[in-house]
Structure formats: C-alpha cells, structure tokens
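In the two complexes that follow, chain A is the common piece, with chain B as its partner first and chain C second.
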Partner chain A sequence: MSIERNPDRPRIDAREKVLGKAQFAADRPVPGLLHAMTVPAAIAKGDITAIDVERAAGVPGVVRVFTWRDFADIRETPATRGGGGDKPGYQPMKRPSVRHRGEPVALVVAETLEAAIEGAEAVSVRYRPSSFTASREQPGAEREPVTVDHRAGDAPAAFAAATSKLDVTYLHPQQHHNPIEMISTTAAFVDGKIVVMEGTQNSAAFKFGIAGMLGQDPQSFESSSPYVGGGFGQKNQLQQQSALVVRAAMLLKRPVKLVMPRSQLFHTATYRPLSRHRVQVGAGADGKFEAVLYDIEQQNSRFDQFGAAAGEHVSRMYATPNWRSTNQRVRVDVQAPAHQRAPQEHPSSYATECAYDELAYALGVDPLELRVRNDTQHDPITGKPFTSRNLAECLRRGAARFGWDRRKKEPGSMRTRDGMLVGFGVGAGAYKASMSPAVAKLRVNADGSSRLAITGHEFGQGMRSAVAAELINVLDIDPNRLEIALGDTSVAPQHITVGSWGCASSAPAARAAAELLRSKLVELVGAGRAKGPVASAIARARRPFLEVEVSQAGLEQPATVFQRLNSGMPAPVGPEYKQFTAFSWIAHFAEVHVEPSTCRVRVPRVVSVCDCGRVLNHRTAQNQVRGGVVWAFGAALRESAEIDARFGRILNNDLADYVLPVNADIGEIDVELLDVPDTNLNISGAKGIGEVAMVGATAAIVNAVYHATGKRVRHVPIRIEDLL
Partner chain B sequence: MTDRSNDETIGITRRETLHGGAVASLALATPPAPAAAQLPAPARLPAHAREFGLQLATSINGEPVSVAIDARSSLLDVLREGLGLTGAKKGCDHGQCGACTVHLDGRRVASCLTLAAKADGREIVTIEGIADGETLHPMQQAFIDHDALQCGYCTPGQIMAAIACVKEGHASSREEIREYMSGNICRCGAYVGIVAAIEQASTKMRRA
Partner chain C sequence: MRQFTYTRARTTAEAVTAFGRAGREARYIAGGTSLYDLMKLGVERPLHLIDIADLDEMRHVDTAGERLVFGAGALMADVAENPVVRRDYPMLSESLSKAASQQLRNMATVGGNLLQRTRCPYFRHGAGGIYPCNKREPGSGCAAIGGLDRGQAVLGTSSACTAVSPGDWPVALTALDAVVELTGPAGPRSLPIADFYLLPGSTPDREFAMLPGEIITGIAVPKTAAGRRSTYHKIRDRESYAFALTSAAVALTIDGGRIRKAHVAIGGVGTRPWRARQTEVLLEGRPPTREAALAAAHAAFAGARPGKENAFKLELGARTIADAVVIAAERKV
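Let's turn to the complex of A and B:
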C-alpha cells in the first residue's frame, strides 16, 4: 500500500504558543477561584500525633485548613497514585500517618495565593517518627524475588561456552522529569459537573479514577487538558494532590486551584528510580553475540507496582541466539517511582550499549561494525519477523552524516587544534510500536472551517500537527481554520497518551474519519465532483456541513476494546502482534570534546537517524529527536537526585541544584528521519518517535567520553571528578 | 478552622470582574488572553488583604494600569492571578527557570523574583504585548519558522528573554546566544531551534 509523504509544515498550535495564548491548566480563568497550598511532611515515616491549625486558620484570607480527618473517606483504588494492575495505590492525608517524606499532611485553602502560602507556613504538625529505609544499601531494604522477563535459548550455558566474555555492571541514578509546567490541579463547577483541569497525559483518569476514589458517578466529572506543559511520563496518572483538591472544592462548594511548588513535587510526583545493571556478554572473536545475561535491580517504594519489562527492547536489538534478562525490585520508604521518558529503555540501552562498546574495544572490532554484524530481521524472543526494521540503514546513514570514518581507533588519539581531547561514540536504540483505540469526530463546514474532536493529548510532541496532517492530506482542508479539541473527556473518550503510541493511534483515527467523510461526499455528489478541497465540494453539494465519527482500534484489537476506552481504562496493544514484532529504531553518533586539564566535557554535535515509520510532521518529529538527545545529554552528564539517606530527603529539590541541560550545553543536533511508512501497523504508516528519540543516545555520549579519554566510567552522570 | 463564606469577606473579586461569563466556555473554548486595553478598572482588594494593601500604578503593554495589590505579591502572581495575563508562566517560583520572564523598563527580569510593588511607576511588557495586532513580532515568527518550541510552556519566557538578548547586543554568534539564553530552561529540549530562531530574528530586528 502506498501512502503520500508529508511535506514540511509548521506546527499546528505554534501561533497560540508564541502569543502566550495557549492556556495551560493553571492559566484558565475561573470566577471565584480559591487558592490552595499543601504542607509537606517533615519526616520520612511515622505517625502524626497532632496538627495545630488554629494559627493558620486565623491568617487573614484563609478559608479552611484541611487535614486527614477531612479526607479519610477518599478510597484507595488502582487509579490512586502508586497503584498498578488491580492493586490499590497510596493516597496521603487519609490517615494520621506518613509513608514518605514530603507527602502532603495539610491543605490550606484561602482567598488569595499569598494567604494560602502564609497559612501553610503557620500549620504546626507534631510527629512520632519511626525508623525507615531510604536507600537500597541500608538495612530494611526489601528485596523481591528475581524474575525472568525475556528468554531465548540457553543463555547461561552459551555464556559459559563463549570464547570472549564480558561481565560489567552499570549504575543509573534516580532522575526527575521536571516538566517546566509545575503540576497544578483546579477543580471548577461547570453546568452541574465538576471539571478537573490538570495538565495530564491521561484526562480519563480525572473522570473515572477521581470518581472512583471519591465514591461518585463518573458522569459527574469531566477533565480538560488541552495543553500540557511537558509531561515525559510524570503526568500519566492522578497525582497525590488531585483527589485532595477536588474533594476540597466539593466540601467548600467553590472552585479551588493548587499549583504544587517544585520543591514538593520532587517528593510527591513520580521519578525514574535508581537502577543497577549487570551485563554479561559472550561473543565470538568476530564480535557476533552468542549469549547475553542481563540482570536489573531497580529501587521502588513499599507500595508501587512499577517495574518489569526491563529486557523488552534490548532483547530485540541484535541477533542474540541466547538471551536471558531478569529484574528485581528493591523496596524502600520513598514515594512511588513510575515511567519517565523511555522508562526502561533509556537505562537498559545505556547499560547494554556501553557494554557492547566495551566488547568492541576488547575484540578490536569497530563499535559501529559490531552493531551492523549483529543486525537481524527477526525477533530473537519470538522468532517472528520485525514488521519494519531499518536499524542498519540508520547506522550506515548516520555514520556517513557524522563522518565516522574520520575516527581513529585508539582512545585518546584525537585532538582539536586547540588541544581538546576528541571522542566519537555510537549508540543504538529501539522502542516498541504500540497502539491504542481512538475516537475521531470530524465536522467540515461549507464555509471552509472544520473541527476535529479526538482521543489524545498534546504535550508538545505534536499531536495536533500529526492528526491535522491526515485531514490536510485526505481532505485538503485549511489548517488555519481547523479547530482541534483533544485531551478533554467531554469531547471524545480519552485514553492515556504515553508509550509513544499517541500519534500512531490518533493519526489513523483522524485519517479514517477523513476517508469516511470523503466517501460520504462521493455518495452525495459522485466521484468527479467530490474531488479537491472538501469544503468547496460540500458547498457544491449544497450542504452546510458534513460530519462523521469513527472508532479506530489498534491492530488486532477486538471491538470490545472500546468498552475499556469508554470507561477510562488503558487498552494498548504491541509490540508483539500475530504476524510480527514492531519497534521504532534509531542510531546516535556523538562527538565530545574534553578539556585535558579540567576534564570539562562538551558535546558539540550529535547525529541521529531514526526509523519511526511514516513521518507525520517533519518539524515536530525532528524536534522530538532533538529533545530526546538533550535528555540523553542530561542523563549522561548532568542529572541525578542527591538523596540524604539519613532523612529520606532529596537535597537538590529545585531547578538550580537538580542540574538540567541548558542552552549553552547543547551544540548541533543533526537529525534524519528515514520516513519509511509501516502500513502493516496502521493506515497512517506511523510508529512512535518521542521515546525512541532518547534510547541509545546516552550510551553514544558515554562511549564518546571513553574514546576521548580512555576512561570507562560505569555510572552516570559522568562528572569532572570521574575523569581527573 | 474557619469556614467564612465568600460573600461576607470579599464581594466581587478582580477575577470575577475580569472573567465574568467565561465559565460556560470553560470545558472547551480558549478565551483570548485579555489585551492591555481590556484590563479591568482598578478593583478593591479583598478585605483581608487590605492590611497588606498597596496601590500599584504602572504601565502594562503600553496601557496605564492602577491596581490594588497585596504587598507580598510577586509581579508574576499579580499578572497571572490578578490581571489575567497568563502568558508569563510559573515554572519554579525561584528565578531558576526563566518561564516568567517579562520586561521591566526594557530589561528582562524574572517576574517571580520581582515584588509587584517594585513595578510602581515603571513599564512592564509581557508576551501579550509584543505583537502588533495580527502581525507577530519577528521573534515570535522566528520561533514558529524554526519550531523553537514543543509544549510551549517556557516559550513566552524564551521569547521575552530572546528579544532582550538581541537588544542587549548578545546575539552576535551562536555561542553568545547559547550563553545569554541559558537562564531559560526548555525541558522539551528545543534549544537548537531557539538558537536558530534568535539568529533569524536578530537580523530582522536590526534592520527594523
């Protein structure tokens, strides 16, 4: 099946954004709004023996001080933060106890923000602390049994028999998403319903999940999140504050807004947990893999179900006849971790792609050549073909764009004219190609305006641009007169937009709607008169408008999947399908410069080539890859939560001390997208791009640091002191 | 605990004055951000705040504004919560991210670190005040042309900082732009586009 390629087009909502008119959750005008502020727990574990609210209640402007007594009837359900599967999660402020530092213990609501802040500072809480464990190294850390997640052949035996062996362990720190939009929750009353406005990738949770926690009918709730100020997985679910703010508004019968301060979010919102990766590779002298044993240990809270799937993509990266990956959770007294951009794929690719680099140097094989030699068109785990895999092409094209042939083999052998040590590094990545059900409602008016209401959330990845592309292509509509409503439970059923399945689910729904509308027009006026811009054809048909609605399931999904969609439940499919396995693929090449006396590391350029299926919007897709590389830079050289295990506290809980990549850190990032449609997967030919963008890029930078310095650092972030 | 009713203490708030009638469109529509000319008439402070009250007389986006403020308020909170100018964003409230950047007497400032009272008698320009009607400022157009954004949350601050960066004469090379734009964090990582956009706009701004 052939399908048109998309030309260069601007981002569909860029104009609103540069005008400052895009309204994020905390920007939305609500008459009579009250402001809330939370009081964070000052202990890591224990009981609350008393809360003195009198002084806070006396602060002029304070309307009410809520404590656990007001929220004891909120239910913990699988939708609650820290749930997963069918297990209930943990909701703070339900009882007079604390399970992790920084969880809210009081909520002050006031007429103004200033009064709410002063009120929160005036709340006095007395605790009876109990002993706790804040680190996996401390006594009291609970080790769960080791589980095997992916297996092929007999990896232990094949490893024992291999001629060349490598056994290395890599450490990855705790990291925090830190989208620049702090998480805010506003509960307002509109037309007899409670509308929850929180920047989220999962508005359905704010209709169905909130209703369940508050013992209400979901039909009493709507959730609206048309713009999200960055998500990266931190906005996947209800937050600790969400049900509290909604219940407070219900009790006060007035709208309430809470913008949780950044310092508190470090302790209440999710994060990428600390992990340890042991990689054992057995290979032939030619560098062909014979066996890989990969064992991951990952920190978790006492109550969260996040984990597993750690070997999902790395087991598919190369022809590995014998594979075994295991994972183990280690539970301590912290808040729940969860998905952060390329949740398992980033740390797993970091550890394995660095280990393979070590193997290449040990065998004297070019690291690029090692990857190409181990290329495969079949999934080593299932034996099925990949629906599309152009990784070798990504590696070859990337090497050419980068100038990999200028690489000198010996570490520390390349220098710039001004004396900087130069390193070249390569890393590759993959991310599952999944899909979820989506509903699209399209109306095109004879006057040339149109409106699309659709399942999906926009957090900068370019969802609006992706769905608009299909309407423009099929119907030749005017994008400047197209209104797109999404991330809103009142306009279409909503599904959680994560895991790089967003655009690959919503774009096919938009395309199906566009094709249905075109065929309706053909029925009305005949094929000849239905051609060209659809609005003109509708006008020629003397209709004021045409409208259609389609329900588009993911590949192989039964019609019953819409029952899940309509009740706010996640319903993704992939990466394993009946006939094939599906992934997006990427190759990254990094050049680093290391100043030889101070060991300051710079990354002047990165080249990334990606196979993400058909490109829906070139600008937004390329931007996603650049963003993934910036994230990988942060992981390689900057980001780490510094935890004081004595107090269970994150010390660097602000944006000055949790060091994020800034403009001066980032050099040139050259991106090529292969733009090969994968119409086996869906009618848009799209696979995901937002997550794969980051996978393998940290390894490319770390490997380049080794090439520049000859020092193999097996933890990130690599800092000056590691190289001195 | 107190549970004072709204009516006893505050009567009508500035927000109600500004946004009356907006509630019906809440779930769906995006009401336009108010232009300076539509700013509300001076409103009185809630009773409780009068002990902290000050009258702020300033100019916002070229329009004179007189507004009662809480002396504790940051300029960012007055713009956003008091005046409905929500283009400037709160990303950290500590002057660490740059999302709240506005111009005060032509200089870029972190409005979250600026007491609103300090703006008395001075000129404030926000993201809402830089376009000329439907014609975008060259920096806004350049941000679109180079897709110098993703989620758009840091974008107003980036654009205000970028305009100042050019006017300060700190946009002569990519390296200089990167250095002088490093007070504005873009977590989506659109830095390559931001630098390209500033290069384009600086040429146009110099010609203008």
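Let's turn to the complex of A and C:
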C-alpha cells in the first residue's frame, strides 16, 4: 500500500506556545482558588503518634489543615499509584503511619500560596520511627523470586557449549524524570462536575481513578490536560497528592490547587529504579550469538507492581537462537518507582549493547560488523517475522553519515590535533510498536475552519502536529484554522498516552476520520466535485459543515476494546501480533573526546538513524530523537540520585544538585529518519519514536569512552574519577 | 511564608545603622542570588533584610591606580567583562565567568560572592531537622562525615565539618593577595583575604572574620605583572553551571623559560579558598612544563584528609593545577 510522505511542516502549536498562549495545568485561572501545600514525612518509616495543627491553623489565611483522619476513607484501588497491574497501590495520608521518606503527612489549604507554605511549616508531627531499609544492599531488603520473562531454545546449555564467553555485570543508578512543568493538581467545580486539571499523560485516570478512590460516580468527574510540559512517564498515573487535593476541594466546596515543590517530588513522584544487569553471552569465533543469559535485579518499593520486564526488546535485537532473560525485584522502604522514558529498554540496552561491545573487542570483530552479522528479520522469541525491521539499514546509513570507517581499531589510538583522546562508539536500540484504541470526532466547516476532538495527550512530543498531518494530507484543510481538542475526558474518551503508542494510535484515528469525511463528501457531491480543499467542496454543496466520528481500534483488537477505553482502562496491543512482531529500530553513533589530564568527557557529535515507520511530522520526530540522545547523554555522563541510606533520602533533590546536562554539554546531534511506512501495523504506517529515540544511545557513548580510553566502566554515570 | 521586614538603604552608613537597629536576625542583601535561595530552603531565616543593592558608592570598578579596586556592589558580569580585567587579569575574569550562569552573574555582586555559603548538600537540604549540620545548627553534628562525601573538602577539614568553600572568585582573589575592605559600627577596616576566611575547627558556623553589622564595601587587588600570565582553571561535573570539583587559580612571572614567581590558589578542595604556598615555592625556578608543574602540584595536597569518595580530588586537583600552570604560561604578556 502506498501512502504519501509528509513534507516538512512547522509544529502546529508552535505559535501559541511561543506566544505563551498554551496554558499548562497550574497556569489555568480558576476563580476563588485555594492553595495547598503538603507536609512531607521527616522519617523513612514508622508511626505518626501526634499531629499538632493548632499553630498552622492559626496562620492568617490558612483555611484548613487536613491530616490522615480526613482521608482515611480514600480507597486504594488499582488506579492508585503503584506502577500498574491490578493490585491496589499505596496512598499516603490514609493512616497514621509512614512507609517512605517524604510522603505527605498533612495538607494545608489556604487563601494564598504563601499562607499555605507558612502553615505547612507550622505543622508539628511526632513520630515513632521504625528501622528501615533504603538500599538493596542493606539488611531487610526483600528479594522476590526470580522470574523468567523471555526464553528461546536452551540458553544455559548453549552458553556452556559456546566457544567464546563473556560474563559481565552493569549497574544503572536511580534517576528522576524532572520534567520542567511541575507536577500539580487543581480541582475545580464546573457545571456541576468536578474538573481535575493536572498535567498528565493519562487524563482518564483522573476521571475514573479518582472517582474510584473517592467512592464517587465517574460521570461526576472530568479531567483536562490539554498541554503537558514534559511527562516522560512521570505523569502517567495519579500522583500522591491527586486524590488528596480533590477530596480537600470536595470537603471545602472550593477549588484547590497544589503545585508540588520539586524538592518534594524527588520523594513522592515516580522515578527510574536502580538496577543491576548480568549479561552472559556465548558466541562463535565469528561473533555470531549462540546464547544470551540476561539477569536483571531491580530495586522496588515494598508495595509497587513495577516489573523489570527488561528482556522484552533486547531479546528481539539480534538473531539469538538461545535466549533467557530473568527479572528479580528487591523491595526496600522507598516510594514507588515506575516508567521513565524508555523504561526498561534504556537500562537493558545500556547493559547488553555495552556487553556486546565487549564481546566484539574480545573477538576482534568490529562492533558495527558484530551487530550487522547478527541481524535478523525474524523475532527470535516467537519465530514470527517483524512487521518492518530496517535496523541493518539504520546501522549502515549511520556508519556512513558518521564516518565509522575512520575508526582505528585499538582503544586509545585516536587523538585530536590538540591531544584529546578520541573514541567512536555504536549502540542500537528497539522499542515495541504498540497501539491503543482511539476515538476521533472531526468537523469541517464550510468557512474553512475545522475542529478535531481526539483521544491522545500532547506533552510536547508533537501529538497535535501528528494528527493534524493526516487531516491536512487527506482533506487539504487549513492548519491555521484547525482546533485540536485532546487530553480531555469531556471531548473524547481518553487512553493513557505512554509506551510510544500515542501517535501510532491517534494518527490512524485522525486519518480514518478524514477518509470517512472525504467519502461522505463524495456521497454528497460526487467524486469529481469532492476533490481539492474539503471546506470549499462543503461550501459548494451548500452545507454549513460536515461531521464524522470514528472509533479506531489497534491492530487485531476486538470491538470490545472500546468498553475498556470508555471506562478509562488501559487497552494497548503489541508488540506481539498474530502474524508478526513489531518494533521501532534505531542506531546511534557517538564520538567522544576525553581530556587526557583531567579526564573530562565531551561528546561533540552523535549520529542517530531511526526506523520509526512513516514520519508524521519531521520536526517533532527529529526533536524526539535529539531529546532522547540528550537524555542518553545525561544517563551516560551526568545523572544519578545520590541516596544516603542512613536517612533514606535523596541528597541531591533539586535541579542544582541533580546533575542534568546543560546546553554547553551537548554537541551536534545529526538525525536521519528512514521514513519507511509500516502499513502492516496501521493505516498511517506509523510506529513510535519517543522512546526508541534514547534506546542504545547511552551504550554508544559508553562504548566510545572505552574506545577512547581503554577503560571499561561498568556503571553510569561515568565520571572523572572513573577515568583518572 | 515567614514574615520579615525589608529596608532599602540609600547609603552605607544608613545600612549599618539599620542593621544596628535590627539586631542579629538581620541580613544585608545585594544580588540576592544566594540569600533568597537559602531562605527558601529554610537555612537562612532572617527577620530583617537590609537591601544594599542601590548603593552607588559601592558599584565602582577602578583599574587606574596601583591596585584594582572593585566596589562590593559591582556585578559579577560587569567585572568579568571589564576590558582591563580581561586583558591584564584573565584569572579574575575567568573565575567570574565560569561561575553560576549568565542570569545569576547579571544579578550577583562581587562583594556578596565572597560570602556565598557552602554547597554541602547536608547543609543546604537539611533544615527542619532533616540532617544534622554543625554549620547550620551548631552542636547538632555533621551528617557529611560518614555520609556521601564526594563533593566534600579534603583540606582544612575538622571533626565538626568538611564543607567545601564553594567560590571561584575568592580563590582567584586569594592567589593575588587581595584585600577585603569592610565597614561597620566600629568604622572602616581592611583584611587580607587570607585572614577573611576561617577554618571550621570546632565552630564551623563562623565562616568569615566579620564583626556583627559589618559590610564588605570593596575588594582591592595589588597589581602584578603576573596577572597577564594567569588563568582560572575549573573542573566540574558538567561544562557549565556547576561548582568546582577542583579548580586552580594560577598567575606566573616567567623569566628565561623558568618560573620566577608563582601565585597558586585552589578551589573545590578546601574548607576555605586555599593558597598553595608549598606548590608556589616548588614551582619557582622550574620550567613551566606539565611534568614539573605536576610534581609541585602534588605538594598542595600533602596535608589532605580525604573521606570515602573524594580521594580522587587529590590527583584531580594536582592535575588541575598542572594544567593551569601550562595554560597560564602560554598566555602572552
């Protein structure tokens, strides 16, 4: 099936963002708004013996101080935080106890933000602390049984028989998303309903999940999240404060807003958990993989359901006849971890792509050649073909763009003119191509304006631009007069937008709506007169507008999937389908320069070539890759939560001390998108890009550091002291 | 929000008087880039703020005389970009331009910068009974000792405190024997910068040799020909907007291919800006090569007491000094 490629188009919401017209959750004006502030627990675990609110209540402007007594009846449901699954999560402030450092123990609501802060500081809490475990290495860490997550052939036997063997362990630290838009909750009353405004990737959770937790009818709630200032997976579920703020507003019968301070977010919001990765590879002398044994240990909270599941994509990366990956969770007394951009895929690609690099050097095979040699068009786990896999093409094109042929084999053998050690590194990645059901309602007016209401969330990734592209292509509508309503339960049913399935789910719905509208027009005026810009044809037909609604399921999904969508339940499909397995693919090449004296590592350039199916908007897609590479740079060389296990606290809990990359750190990032439609998957030919963007890029940088220095550092971030 | 009063002084004398009236819970404020931050963190809880940002008498930058004279209220950005400072004292300019961000340098003053408090995370993030800290709450203990100490000092530490002195500018000033001009209830006085910063000892809450109510009015730097062959070399965890892991301020007089006189001070490693006198002595008479410099540089850390994770600062610090010597020596006079 042939389908048009999208030309270069500006981001459709660029203008309103530049003008500051795009309103983020906490910016939206609400008359009569009260302000809330939380009091974070000062202990890591134990009981609350007394809360003295008298002084706080006396602060001028304070309206009410809530404690656990006010919230004890909030229900812990599967929608409650805890990383998914069907088990109830953990909601703080339900009981006089503390399960992790920093969880809210009181909520102060006041007429002004200043009064709320002052009131929160005036709340006096007495605790009976109990002993706690803050790290997997401490006594009291609870090890769950090891589970096998993916298997093919007989990996232990094949590994034992392999001629070349590698057995290495890589460590990945705890990381925090830190989206620039703070996490906030506002509960307001509009037309007899409670409207929850929170920057989220999952507005349905704020209608159905909050209702469930508060024992209310979901139909009395709406949730609105039209713009999100970065989500990265931290905004894909109810937050610790969400139900508390809504309940507070209901009790006070006034709208309430809470913007959680960043220092508290480090102890209340989700994060990427610390993980340990043992990779054993058995290979032939030619570098062909015979067996991979991959064991992940991940640090979790006592109560979350967040799985390591780290074998899902790495088992599909190469032709591996014998594969076994296992997961083990180790539970300690912290808040729940959950998804962070390329959640399992980033750490697992880091570990395996570095291990394969080690194998390549051990065998004397070019690391690029090792990857190409192990290419496959069939999923090693299911034996099915991939819907589309152009990884070898990504590797070849990337190598050409990068100038990989200039690489000298020996580590430490390349230098710049001014004496910097030069390293070249390669890493590859994949991310599942999933889809979810979506509903699109499209109305095109004869005056040339149009409105699309659709399932999906815009968090800067370009959702609006992606769905607009399909309307422009099919209907030739005016993008400047197109209104797109999304992320709002009152405009269309909403599905959680995560897992890189957002655009590949919503764009096909938009395309289907556009095609339906076009065919309605043909019915109305005949094929000949229906050509060209659709608004003119509608005008010629003397109709004020045409309107359609479509419900677009993901591939192979039954109609019943819309029941799940309409009740706010997650309903994704993939990456395993009846006929095939589907992934997006990427290859990254990094050049690093290491200063020989003080061992500062710089990354002057990265080349990334991605197979994400058909490109919906080149600018937003390329931005996704650049952003992913920046994240990967941060993971390789900058970011880590510094946890003092004596206190169970994150020591660097602000943006000054949590070391993120700055502009001066980032060199050239050269992105190529293959733009090969995958019409096996959906009518838009689209696969995800936001997550795959960073998968494998950290390994490319780490591998380049090895090539520059000859030092194999098996933890990230690599810091100066690791190379001195 | 905690209540405090705010007074905007029109003259230095008015500021000192206002401080005297307000008492010990008062703070002078100029750029506010540090104090507001610490107030939000609950580390500083002043009841009175006396704003000295408008004092014209403290804004001057005078490079004409025998000393460079910087009014305490001159902005970091302005001094960093001063053409004479850039040409004749690149070390001073670089120590300012490599600090903070442009936005902060546009607000912060060179006098206020001398009083920047430590970035020890246990000090900053521990108010309200979270972490003990002898600097924040005398007698409460030190969480950094036995804790995460990668960023802590290795020189000048005590059993009460290992907090590192955060500044860049003060390190450069220390290398060049600057003098801090003060005024207060008892009138004006001058202090060599070497006497301005206190070692923590058993009183880490006392950081500066200032008397209650005193204001820094200016900073004077004796001119030296070594200024042109100088640099402030700063090694940090990222390329910009980070405090030093190690830094070195080096100014050299070179004669016949050999170092005749060296000024060396180091940052990121000491509980105060640290003059590396032994290194200076060892450098004199030596050629400005990296090898010679590295041998001399190690002497700066002879008395170092590293903790669990910061021992790398000894080697890194020495290499930083050595690289700075090479950079400074290559500068044109």
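Heads up, the rule we're going with is that the second predicted complex is superposed on the first by the 722 of 724 C-alpha atoms of A that agree within 3 Å, B and C clash if a C-alpha of one lies under 4 Å from a C-alpha of the other, contacts with A are read in each partner's own complex, and residues count from 1 in each chain.
As a convention for this text, a residue touches a chain if its C-beta (ideal position, glycine included) is under 8 Å from a C-beta of that chain, and two chains touch if they have at least 3 such contacts.
What you see is a predicted model; the values in this text were computed from it and never measured.
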| task | Figure out whether A:Glu721 sits in contact with chain B (first) or chain C (second), or with both, or with neither. | result | second
| said: According to the stated criteria, A:Arg638 is in contact with first (chain B), second (chain C), both, or neither; which is it? | reply: second
| request: Please tell me which partner, chain B or chain C, touches more residues of chain A. | output: B
| First (chain B), second (chain C), both or neither: which does A:Glu668 touch? | first
| message | Output check: A:Arg600 vs chain B and chain C. Expected answer is one of first, second, both, neither. What do you get? | response | second
| task | Kindly classify A:Gly499 by the partners it touches after superposition: chain B alone (first), chain C alone (second), both, or neither? | result | neither
| said: Quick check on the superposed pair: does A:Glu114 touch chain B, chain C, both, or neither? Answer first, second, both or neither. | reply: both
| So, does A:Ala42 touch the first partner chain B, the second partner chain C, both, or neither? | second
| said: Tell me the contact category for A:Gly282 with respect to chain B and chain C: first, second, both or neither. | reply: neither
| When the two structures are overlaid on chain A, which partner does A:Asp654 contact: first (chain B), second (chain C), both, or neither? | both
| task | Name the residues of chain A shared by its contacts with chain B and its contacts with chain C. | result | 114-115, 118, 654, 661-665
| So in the complex, which bits of chain B are touching chain A? | 1-4, 6, 9-10, 13, 15-16, 18-20, 22-24, 26-28, 30-33, 46, 48-49, 51-52, 70, 72-73, 77, 80-81, 84, 86-94, 96-97, 99, 126-128, 131, 136, 140-141, 143-145, 147, 149-156, 159, 177-179, 181-195
| Residue ranges of chain C in contact with chain A within the complex | 1-2, 42, 119, 121-122, 124-125, 128-131, 143, 146-148, 150, 235, 237-242, 245-246, 290, 312, 315-316, 319-320, 322-323
| said: Applying the document's contact rule, which stretches of chain A touch chain B when the two form their complex? | reply: 10-11, 13-24, 26-33, 35, 53, 57-58, 60-65, 111-115, 118, 177-182, 188, 190-191, 195, 222, 224, 226-232, 252, 254, 259, 261-262, 459-462, 485, 488, 490-491, 619-620, 622-624, 626-631, 654-656, 660-666, 668-669
| Within the complex, which stretch of chain A touches chain C? | 42, 114-115, 117-118, 121, 263, 597-600, 602, 638, 642, 644, 646-647, 649, 651-654, 657, 659, 661-665, 719-721, 724
